[in-house]
Every structure is written in structure tokens, then in C-alpha cells.
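Read from first to last, the chains carry the letters A, B and C; within each, the first residue is number 1.
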Amino acid sequence: MDTLLQQIINGLIQGSLYAIVALGYTMVYGILELINFAHGDVVMVGALVTYTVFSFAAAHGMSAGPALVLAVAASIVVCVPLGLFIERVAYRPLRRAQRLAPLITAIGVSILVEYAAALIWSKQYLSLPELVKPTPIQIGGASTSDLQIAILLISLLMMGGLLWLIKYTRMGKAMRATAQSHDLAGLMGVNVDQVIAFTFALGSALGAIAGVMQILYYGIGHYLMGFMLGLKAFTAAVLGGIGNVQGAMLGGLLLGLIESLASGYIGDLTGGVLGSNYRDVFAFLVLVLVLVLRPSGLMGQKSGDRA
Amino acid sequence: MSALLEARDVVKRFGGLTALSEVSLTVERGEIFGLIGPNGAGKTTFFNVLTGLYSADQGAVVFDGKPLSAAPHQAAAAGISRTFQNIRLFANMSALENVMVGRHVRTHAGVLGAVFRTGATRAEEAAIRSRAAELLEYTGLSARAGDTAAHLAYGEQRRLEIARALATDPKLLALDEPAAGMNATETAGLKKLIERIRADGVTVLLIEHDVKLVMGLCDRVAVLDYGRKIADGAPAAVQRDPAVIAAYLGGNAEAAHAP
Amino acid sequence: MRLPASQAGKLAVFTALALLLAVLPFGTEALLGRSWVRVIDGALLFSMLAIGLNVVVGYAGLLDLGFIAFFGIGAYSYSLLASPQFGLHYPFWVLLPLGAVVAGLFGVILGAPTLRLRGDYLAIVTLGFGEIIRIFLVNLNRPFNLTNGPQGITLIDPIRIGGFDLSKTYEVFGMKVAAVHSYYFLFLLCVIASIILSLRLENSRIGRAWIAIREDEVAAKAMGINTRNIKLLAFAMGASFGGVSGGLFASFQGFVSPESFKLMDSIMIVCMVVLGGMGHVPGVVLGAILLTALPEGLRYVQPLQQSLFGRVYVDPADLRMLLFGLALVLMMRFRPQGLWPSKRREHELKGEA
């Protein structure tokens, strides 16, 4: 089996999921300069809703296709209001508060969502019923599946869609204006509250779909799965240049590749001293390195204030 | 003895915008030097380069015979202290504490001294306190020593910034629009204070929009326009300079007179 | 707290407080049982941690979300040098200061590359750092066995002062003084020392510099404060409080494992500081005591649910976390200055930026 190719494929697939989640962080940061700690947990909710739908579907003999459609719909229906609710109740009242306050609130919201999920879904690791049966595909010496290819393609499609939305639609222009300056955008007739709410809704919808794909990819969900995923997606956003949408996409894919290659080869590189159990360390190292060497990220403007 | 401050061909760019374009000027010891110009002419940018908040893209600043490095805390240590156009006090500290922070750069107590309250630390702390009280007296703020800075009146806040800056024992005091927002009485008081500071041996560099104040106070002035120095010399001569008149009338007429 | 103005009154309050603190563990044991004495011991350890984090968050205004890592570093440096793990048995008076130094060093190592960044990045990096330390503690049983992996380190030496072993039970004036009591007094001394230390730092040249940075970093720089070094100092000082309490924790428990140093513990210390009142030492101690006692109180919720609904809907541990999360959100919304704020901080956090 070709390890290098295999690691690249794995990295790209996980990376595309990082990218989708990173978009949620970067859009909100671009507009509010707030790290929405709870975004990873919104993704978790999307994943666990999928678990519930699949369990229901399996019990009622539903086939994979309708179950998938239902799962995506249900995740969006749950996650979008959740994201809107978080913005409205927790962040909006603090929009002009001193810096630490929204950050601490964000942590509080994240804990609330996690433990509310623990109440609903328990603290067990939840195995997704095997409704979707992936067909293995061999590429070069590496193995993947139709499911994984689909995840990659859907992620890329969503990114393309988002870019189009931001560039060409009225709402997208309003988002860009608001990111520049709330006050000026307001003067230009942009409803800033509405734009911010829309950003949260959009980020949550992307997060919901990322959650569906994440649990399909790994087959396991857990009420704390959003934490590491969120931390890594945030790293991806910083790597690409926080606030920059294309940057988040590039950062996500890159981080997935780095992580996959690093944990795949660290054993060989260190003569077996360090193993893939250090996987989660790499994202963090990337984060620190980027912040130290190029805080504006790969595609960010070199603005002192942003860093 | 050489000039106190010598800026040579200082260039500062922000992206495509050249905020300072080969600005050279010399401030002699003991003078009050005015830096004027329309809004956006680069005056505050020059201050920020001078005090190390920005690093110059080209050119050099020599202060007191030594080149300035681009770190704000080193500028203060070298003897340049400043106030800010939009007042930047430590809003929730008392007036006295604000000035005490200004003594930081001239004092030495560290963690061990603080923890063990050594004799040296206590003596230093007492000296900081009495020097700060002196400076509040000097700026006419003694009565407000215990009040939170944010609760001071606007003119008092401006003077507190000056007291805090003086606490660093500066050779050069750089004032960024100290009279902005002051009424005539307050401005007159400020003028006296600045003259007294100079009489006590501190060189003053002043950015000001209030042309009357500048002309009455400064020994020499330099005029910036679009990041270039267009004139410098005695106030009366500069006032008659056609380039200056054009800059003010053609550029921003409102800036020629204080709001 | 309003103290009587006269000296005599102050003395009376002081004496009463000292007496109360002296009989507290015994009274608690008689009334509520020994488990509550352990809770008090825990509250004291957390008070020390909260006082340490307060230096970083409260004074210097830097949000550290991985503070428990320094506690872990302190606990492990004590454990490795006073247990059968390597057959080393150094005395506590070497190990506790060492724990402070090692944790402080880690604080500097973490802070050096990141402190020039804006606050929210720092929060994320410290959060990651906390997790990384834990991952290392779990995995450093290979290539050679440093930390003994997830099993942790056992049989850690108790603290011995002269011939007095704090883990043993002694009889003093006819009263049985057990380990929980001896450690109570040791921890109490440490907390009092921490409070004095912290207050002295606050009212010093260094403390003023920290607060100045929190208030306005640009102005602080212009006043000649080397903000980077002074922030690093805050990080190192805060971390060293964590290191010492980690050492105390290890000797008290006799056992440490990576399980004790999780993200949620970091969050809990942040909660203590925020709830009590950032920047105000008495406030954060109050926060630490409240948040240590609260989960214990929540244990009674379980039988209550059982009797009311016939089943347990919410596990008390989860309920605790839900309440923490809710408390953070509500505090920031309605009382950001905390329950017992310092005068200065009250203005700042109530006001708008």
C-alpha cells in the first residue's frame, strides 16, 4: 500500500471538513472580531442529530438515501436556530463590552451546549448505525471510498457556493461592508444586526453539514467531539488568515494534510520514539508557529491590528 | 552641544500611502518646537515614529546623540515622553497612580523587592509617591489625586497626561494637541504650564491646531502637508510662507483655526 | 467587608477570624463529617490556584485558559522527585520551590512567543497548551517511562516537617489530628502567604505596571514599560502559584494522574476568578470557595431528584458544568465585575470599552 498517497487522501478529506468548520470561525471573526468558541459544539450537535436520525431510520427500516436527506435537513433545522439563539442571547448584548467579556461568554456558551448535549445524548461514544455502506475505491496503492470522495466533493462545492455568495449576492456585499466597519455599513443602510445574524446562521448551516459528514467519516460521535474539532478548525482559520474566507479553506486543507502526514510519519522520523498518539499536538504546533512567524496568516492582510 | 533631536529623511508608508515623505527636522535643546499642518498631514505619524510606536521605513532619528531604536519603552527610557491626541490615561487608576506609573522607567523595584518589602523598595516607593504628588501639584491637580482618572474633567485629564509624561523625567516632552477641546481659560493655563515646563529645562515638541497658541508659544515651527515638510523657521516667517498659506487654504481651511 | 475603624475592633475581628479558622476543620468534621474537611482542603488549594490565575487575568488582563497545566507541572515535578517512580525522595522544602520555578519557566516558554498577540489568540494558545501538556503526561511512558502514562504516579511522599508526618494521625491535647487536618493548616498557611504575596505585588511598581497594561497597553509602552517582559513576568508569577499548589496537591493525595488536569479544571479556575471578581484577591478566594463547595452541595440533588421524580435526570457532575456555563454567560451579561469586585475593576467592567 502506498502510504504517502494514503496519507494525502486522508489529509485532504479531514482537511476539507476542517475548512468547512473554519469558515464558521472566520466569518464570525471577520465581522465581530470574536472567537465563537461554541462553533465546534454546533458542529457536534449536527453530528449527534445525525446519529439520532440514523438510529430512527435503522429502527424503521429506512434506506440510506432518505435517511441522509433527513439527517442533513434535521441537522440544519437544529443547528441554525441554535447558532442564532447563541448570537442573540449571549453575544449581541455584549457587542460593545470590554474585550474579555465576550470571550468568557463564548466559553460559557460552549460548556452549556456540550453538557446540554450530554443530557440529551448521554456521555457515551455513540456508534452511527451502518446505513451508509461505502464502496471501497483503490487509487494508486491507496484505498478510499465513494463516501470519502463524496465528502471531499461536497465540501469543495460548499466552499465554491460560499465564495459566490459573498462575492456576488446583496447579502454577501453587506457582509463585507459590515466586516470593514459596523458604523459605516450602518450608515450605508445595511442592517448590521441582520447581517450578523445571517453570518451566524450561515456558519451554523455549514457547521451542521460538516457535523453530518464528520460522523459519517468516523462513524462515532461524542458530546465533546466539537472541542478538538473546533480548536483545529480555528487553527486552520488562523493559518489561512483569520477573517479571510479563502484563507480558511486553504488553511483547512493544509492543516488536514500536515496533520495526516506528520502523524503518519512521526514514528519513522523519530525511530518509533513518538507515535501517532501525538496527532493532536501538531495542530497546536502549527497554530503557535503561525502566530509567531506570520500572525496575519497565509492569506491575511498584514495589518498590525488584526494580530 | 548637538541638537536634542534630529530626524533625517524619515519615510513611513502604510501600504500604498506614504504618510511621511523624507521628513527632516531638528529640535534644539530648550526650545518649544511646533509641528503644524492640516488634518492628515502626518503629524501624529511623526510622533509615533519618534516614540517608537511605528518604525520608520527609511531615514533615522538621532536623539541626544544616539540613534533611536524602534521600541516605545526604549524611547521613554532615552528621554522622550508623550501625550496622546485622544487621551489615553489608565482610566480606572487614580490620578496619583497614573503619575506613579510614569515613574516606572526611572525606578527599579522587582518582584523580590515587592514581595519582601525591603528597605530599598519601601524608600523607592515613597520617593515615587512623593514625586508623583509633586507633579500633580505642578500641574494643579493636587485636589484630584485620589480620584479615578476617568472621572476627571476633560481639561484635567489633559493636564494629568502631561503630569504622567513628566514623571518619566523626559528631556523631550512631546504633546499631541494638548489644547484640543479646551476653552480659552484652560488654553491660557496650558500655555503657562508649557512655558514653565520649558523654563524648568525640558524641551517641548508640540503638535497643535490652535494656530494662535502655536504662534504665541513656539520658538520655531515646522509645517507638514501630505507627509512632506513644506516650511520651517520662526513662526512669523512661516505664517507668511506662500506654500503654507496654500496648504491651509487649499487643503483644510477649518484646520487653520481651532474648533 | 466593613472593618471597625478602631484598632481594638480590628484586633477583635482578627482574633475571632483566627479562632474560627483554627476550629473550622474540627467543627466541620463534627457537624458534617470528614468528607467535608477534604472539601475545605480542596477549596484552599483552588484558592491558591485562583490567586495565581488572578495575577494573569485580573491584574495583567491576559486570559489564560490552560492554567491547570501549571498545576499539573507542579504536581508532576513533586511526584517524580518524591516517589518510588525513580526512587527519589527529596524533601518538600526543596520540591515546592522547585515546582514554582519549573512552572514559572513553562509560563515563560509558553508566553514568550505568544504574549505580543492579541488577547483572544492568547486564550486559544493557552487552551491548546493545557491540552498538550496533558497529552504529554499521558504519553510520556515511552520511550522511557517518565510519567507512567495514564495510570499516573502512586505512593507519593507526604510532607514531613522534622519528625512530623502530615499523613499520619496524631493526638494533640486529646484531639485526634488526622492528615486532612494537618494539611488543612498547611494549606491555610500557604493561602495566607499567597494572599499577602499577591497583595504586595499588586501594590508595587510591578503591580502598577500590570494594571497599566490591562488598562491601556499603548500608553503603558509610552510610559517606558517593557510590556512584553512585564506580561511574561505576570505569566511566570501566576504559573508559579500554580506550581506550588500542584506540589501540595500531589503530596496530599499521594497519587497523581493526567485525569486531574483537564480543560474543564482550567475553565473552573477561570470561573472562580470571574465569579469572585477579577483583580480582587478577596473576591477570587470567595469564588474559589463557592465553586468548590457548590458541586459538593449538588450531590444532594441526586437523592432529591430520586425522591421527587423517582429517577435521576441530571447527573450532579453534569449539572455542575451546566451551572458553570450558565454562570459565565450570566455574569458577563449582568455582573461582569464579579460578586465581590475591587473598586477599580468595578468601574472598568461596568463601563463600556
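What we mean here is this: a residue touches a chain if its C-beta (ideal position, glycine included) is under 8 Å from a C-beta of that chain, and two chains touch if they have at least 3 such contacts.
Given the structure is predicted, the values throughout are model-derived calculations rather than measurements.
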Centre-most chain, if every chain is reduced to its averaged C-alpha atoms: C
Most remote chain, CA-based centroid, reference being chain A: B
Chain A-chain C separation of Cα centroids, rounded to whole Å: 33
Cα-centroid distance, chain B relative to chain C, in whole angstrom: 43
Averaged-CA centre spacing for the pair chain B and chain A, given as whole angstrom: 48
Shared-contact residues (touching 2 or more other chains) in chain C: 348, 351
Multi-chain contact sites of chain A, meaning residues that touch two or more partners: none
Residues on chain C engaged by chain B in the complex (per definition of touch): 197, 200-201, 204-209, 211-212, 215-216, 218-227, 233, 237, 344-345, 347-348, 351
Residues of chain B that touch chain C when the two form their complex: 51-53, 72-73, 75-77, 81-82, 84, 88-93, 97, 100-111, 113-115, 117, 121, 124-125, 128, 148, 150, 164-165, 167-168
Contacting residues of chain C [partner chain A, same complex]: 57, 61, 63, 65, 113-114, 117-121, 123-125, 127-129, 131-132, 135-136, 138-139, 142-143, 263, 267, 270, 274, 278, 313-314, 318, 321-322, 324-329, 331-333, 336, 348-349, 351-353
Residues of chain A that touch chain C when the two form their complex: 33-35, 89-90, 93-94, 96-105, 107-112, 114-116, 118-119, 123, 227-228, 231, 234, 238, 272-273, 275, 277-278, 280-281, 283-284, 287-288, 291-292, 295, 307
